[in-house]
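Order as written gives the chain letters A, B, C and D; numbering starts at 1 within each chain.
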Amino acid sequence: MKRRVCVVVTARASYARIKSLLTSITRHCHLELQLVVAASALLDRYGSAIRYIQEDGFEIAARVYMVLEGENLVTMAKSTGLGLVELATAFDNLKPDVVVTIADRYETLATATAASYMNIPLAHVQGGEVTGSIDEKVRHAVTKLSNLHFVATEKAAERVIRMGEDSGTVFVTGCPSIDLAAAVLRKPDLTFDPIDKYAGVGPRLDLSNGYIVVLQHPVTTEYEETRMQIAETLHAVRDPGVPALWFWPNADAGSDGTSKGIRVFRENEALPNVHFFKNMAPEDFLRLIYNSRCIVGNSSVAIRECAFLGVPAVSIGSRQVGRERGRNVIDVRYDRHEIAGAIRHHLSNGRLPSDPLYGDGNAGERMAHVLATVPLQVEKRLTY
Amino acid sequence: MKRRVCVVVTARASYARIKSLLTSITRHCHLELQLVVAASALLDRYGSAIRYIQEDGFEIAARVYMVLEGENLVTMAKSTGLGLVELATAFDNLKPDVVVTIADRYETLATATAASYMNIPLAHVQGGEVTGSIDEKVRHAVTKLSNLHFVATEKAAERVIRMGEDSGTVFVTGCPSIDLAAAVLRKPDLTFDPIDKYAGVGPRLDLSNGYIVVLQHPVTTEYEETRMQIAETLHAVRDPGVPALWFWPNADAGSDGTSKGIRVFRENEALPNVHFFKNMAPEDFLRLIYNSRCIVGNSSVAIRECAFLGVPAVSIGSRQVGRERGRNVIDVRYDRHEIAGAIRHHLSNGRLPSDPLYGDGNAGERMAHVLATVPLQVEKRLTY
Amino acid sequence: MKRRVCVVVTARASYARIKSLLTSITRHCHLELQLVVAASALLDRYGSAIRYIQEDGFEIAARVYMVLEGENLVTMAKSTGLGLVELATAFDNLKPDVVVTIADRYETLATATAASYMNIPLAHVQGGEVTGSIDEKVRHAVTKLSNLHFVATEKAAERVIRMGEDSGTVFVTGCPSIDLAAAVLRKPDLTFDPIDKYAGVGPRLDLSNGYIVVLQHPVTTEYEETRMQIAETLHAVRDPGVPALWFWPNADAGSDGTSKGIRVFRENEALPNVHFFKNMAPEDFLRLIYNSRCIVGNSSVAIRECAFLGVPAVSIGSRQVGRERGRNVIDVRYDRHEIAGAIRHHLSNGRLPSDPLYGDGNAGERMAHVLATVPLQVEKRLTY
Amino acid sequence: MKRRVCVVVTARASYARIKSLLTSITRHCHLELQLVVAASALLDRYGSAIRYIQEDGFEIAARVYMVLEGENLVTMAKSTGLGLVELATAFDNLKPDVVVTIADRYETLATATAASYMNIPLAHVQGGEVTGSIDEKVRHAVTKLSNLHFVATEKAAERVIRMGEDSGTVFVTGCPSIDLAAAVLRKPDLTFDPIDKYAGVGPRLDLSNGYIVVLQHPVTTEYEETRMQIAETLHAVRDPGVPALWFWPNADAGSDGTSKGIRVFRENEALPNVHFFKNMAPEDFLRLIYNSRCIVGNSSVAIRECAFLGVPAVSIGSRQVGRERGRNVIDVRYDRHEIAGAIRHHLSNGRLPSDPLYGDGNAGERMAHVLATVPLQVEKRLTY
């Protein structure tokens, strides 16, 4: 009998990150995929990941609406509570043999808690990384609820083990997000015009002499400052005049601050060189980044995928602090001059060689193999 | 301005355990207590802790109903989700400076998650202990969400620090449950007749030649076996004929199995030497235990308070495995003969000297002092 | 293609009432039954209707846990809210063509609201009746949300139409509870000993010279008085010494008051002629009533089924005020003397002829026929 | 002691409608206002009613987040369930003597159910009106849960009474929305430039030769057709070239269809004469309408306030069917030619005299007087 593997995808970014695992599960003869699409992955205004999931041909086992509107800390907590209530129903209907949860978004704890309390073995992807803010708490709490750990780096594995997890349950698979980057590297050409294909908002730009990509998420524990922070980036990106493709942030406390910051700026000042997108098919997104001259913001894509793709990155503020990084990253503060300086540096120095720091492109297959073969159990104990 | 300390009490047992902290907070000139009574602590059929709380004169800042009936794994998960939804409202109304959560019951994770997501510093009492079953996952996950750790033993402190917590945030205060035991030790006489005062169900027993106390909770990940397990204890307790005072279990998945096991046994077989109680004021409860000849079951009281009180204990099954224990404890399996043998051993050997393994009786004061004086912050990072 | 009829059963009593409809749906060649078991129908302590449902061979399409513990007005409101959250998931999964809701329990409004908001046609059983208390509000609100009305009497039909419902949507089918009574009337002998078969609590009684049956539910808007009210009945039932079979009340605000009232009475005073039951298979229950000398309390069974069965009834207090009643009913206040007097009257006068006031025993078939053949629509408008 | 009147405001439109009652309550010496702001009234993307409420100086007693993102029928049902869970907490904390709920939005049923189940008398504003779609079901269901009825017209009163409500509980106060219109009529000049003051999106328009106003909400039971319907209006409004001020719709199932329809149109075709607003202070909004040449869409403002203000209206589709209307309204189907024809007719015929069909401007005061003086009770019974 096939093992039923229930993967819970809660955001556009998580889907891109986990897609190769989904494919590996569907292809594996001893595994059956139960895909639960939840939270902002269901919502149009956060990039409607579900549309890409369906276009990619994955069958959806359950849809779990759980995002309570308000975009503040109270609704973030309540959304997680609701997710827990709803995921318990989904797991009860699906009766999976193992649940897979990804990374460290706040809703991840809903998946992890539901699975733990219902005595379903839990596998966690991307544990053991150090970053900062609320993510850090959530990630390690999920580690303590998990029975299997699929980590990206040796250092991450070491941290998970030091936290008291049995080393026999920790697998250095690399990050599955690199699998997609590896696939893109095999066919790297930008064969589409992003504005033609994805519309977006803003002026039509000439990308033939290169462009930069911007992705800046709100930092949840610094809610009030979000609007000011985004303004610094807007200035730094506008001033040099290089064409910029900018992606809207996810649904988090503060994203309203970010969105509003952008809207207010656009109304008050010209942004002749910036075009905004809400979302893009993951492959198109990576191909766009691969062909860019530099990525700017605080997305983990700049640290992980861009290391592998050799794309220079400007990492702003505290969100990625502590994460292992390659030579492609320059760290700066929320300061338009620092940001602009780092962009200029990258523009004049160009791309870097591929760095397998976060994986070699076979993470999905390795995880599927482990999920199909390890003994599954729910009980565990500190190793010390 | 006083710091507002919000303590969330979710069960009868947690109240007994934390009472000395509540008193120390109310007495401290720089602290203000915000007491939230939630979950089974509000419910009659789990011993109505709220009644004792009110009789003890504590003001209740909010009542949070969150126990979804069903007593299975699905409703346990959903109850936690609901608790998260509801506690977010309570914290939003109360705006505490720090939240205190106790031990490792499943609802604890609702408190910890709500506080973490709302950027309120979280203090955890009784982290770093090793036991088993779902409790183990919950306890360490709460540790990873917490900013302050009040632990009972040096060994617990060491474990919390090894999990990556900053040693400056870990305080070996002793367990506050021992504070109550210490108070009881100063006035140990049983000045009331338990059946007169608390009624309960079953025959009137002559306690003048000694009695034993029984407390057996369901073990949540072994749901199906609960009824069989309780039957073994019932046989072992009935057969020697020593008067036994038996306390009903908490609300957990499986408690219905335990309750039903007891009810079926009572209907089919005589239990002439057993009287059942639902609940008791914490001091009366400890005094009753202090004056007993032996405690039987799987409650942590047998391991913690009874070490301090010098009461012999028979610890059944897996629930307390891994917990540090003193010389008063004999471990046995779910087997009527092993249980009966251990009871006989204790009855003929008598009580033991007090052992300060889990504290010296001043935990509440130490915690209040820390809560009043340490810098409070929400951000944290793994130490390695 | 068969029409999918989703029936939501939320309590033991509703199941007994609707069972003949369930059977008629399963037998109908153009209908498919989707049975949702919810609320107290899932719970052991309210008679575990689900066990009988399974024994009767009905397949369960979804289980919806929604009873929040606390048994007060706040938790009653919250339970309904939760039910709405959960039933929306069930309806989304099942995609019924029509939803059937029964009577007027508080959870009924969750079913009715979920169906209405999801644009699923709603059929209501037992609308148009007049009783009192919160039930009255709920019942007529459900009427206003419903598209089809299956009513018990001509008078009920007239009321539904006067409330502005299109007369073409109102069907006088009789009450399906009478269908079961009619089946029982065809084989009326009490072929089992209730205490042997259902155990229960209390002394073994000799039923050979007749017995009475007691069923008294809390009246939700008179919460505080519940304990006093039940005491009057307890006195009235104990004093004449006729054997009495007493059924525990449902889960409602106040049921704890009722339960506690009974428990306190039992502890303080002897009840040598009363045996308590928690639940019984519906047919056994009706057969027991048919063979009793009198039914006492405030259950609608006394008004409906007992009219048909010809069993004398003493109806206490406000709960059934306003309901059409036959000659078998004597109404009394919460007064031990009035109650006892009415019991005495019935004991000396004996049973009555069958009265088809609430139906002739074919309601289930009539409803199934309507559900299979009427045009189904969700839009509606006041007729005036 | 003052009576505590809890008013629950769930949307921008409801606030405008009820503002005069809020003022009258605060001014009344025997009433205390407890204002609960809930649902989309808290949210930026639906016009952030809360900002206006605060600017108007009302104190907010509780904020209730309840809108689950997804904007489909499932999330609409779940949002109502959540609202019920959350409002029960708010009412339990506030302990109002009476709760006031407004009109017929889907969340209204959450307020009505919470109050009814918690035995709090419920007053309903705007019952007895006939419209269509889901609103119709909700409005009359709320009537059946309500104890006091504040209706706008004699005809509405008659309908409420025919539904079985006691005529002593029905008060023809007029609609409080007219109170605001009456205040605006006393100072009717447009003293601000709407684009300067409220920004919005779209070209700067010259309003000096008149303009029209558009407000079209999705019709929830016709979800799929929403995009097509809005396109008809867009064509009809664009083609004549008269400047048009267009307001975004509320949060309802389908509003995404409406928004998307507008966005797609804007991207594909020029809209040189349309400027879009998200929200406006209620007085500014009414003043803008008063000074317009015509209002187009399906808002009830066109039927109610515009009758009083004498503004010509084009009412599109089924949403307002059945509502009493004055001579200012022309009804048309979802057809660009019909819509355009009706607009042309109004533009050439000009404004009408004020019609007090929905009130004379003193509704708020009348309601406050009733709330302060009538006996409050929760029990009720059908009058037939």
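Here are a few things to note about the model shown:
Heads up, the rule we're going with is that a contact is a pair of C-beta atoms (placed from the backbone, for glycine too) under 8 Å apart; a residue touches a chain by one contact, two chains touch by 3 or more.
From a predicted model like this one, the values you see are computed outputs, not experimental measurements.
Shared contact partners of subunit A and subunit B, listed by label: C, D. Remark: among chain pairs A-C and C-D, C-D carries the greater number of C-beta contacts. Mean C-alpha positions place subunit A and subunit C at a centre distance of 53 Å.
Rounded to whole angstrom, the centroid-to-centroid distance between subunit C and subunit D, based on C-alpha atoms, equals 40 Å. Shown for subunit C are the residues that touch two or more other chains, namely 74, 78, 82, 85-86, 89.
Of all the residues in subunit C, the ones that touch subunit A in their complex are 82, 85-86, 89, 93. By the touch criterion stated above, subunit D contacts subunit C in their complex at residues 73-74, 76-78, 80-89, 92, 106, 109-110, 112-114, 116-119, 130, 132-134, 136-138, 140-145, 159, 162-164, 220-221, 322, 378-382, 384.
Residues of subunit A that touch subunit D in their complex: 40, 42-45, 65-70, 74-75, 78, 82, 199, 251, 256, 260, 267.
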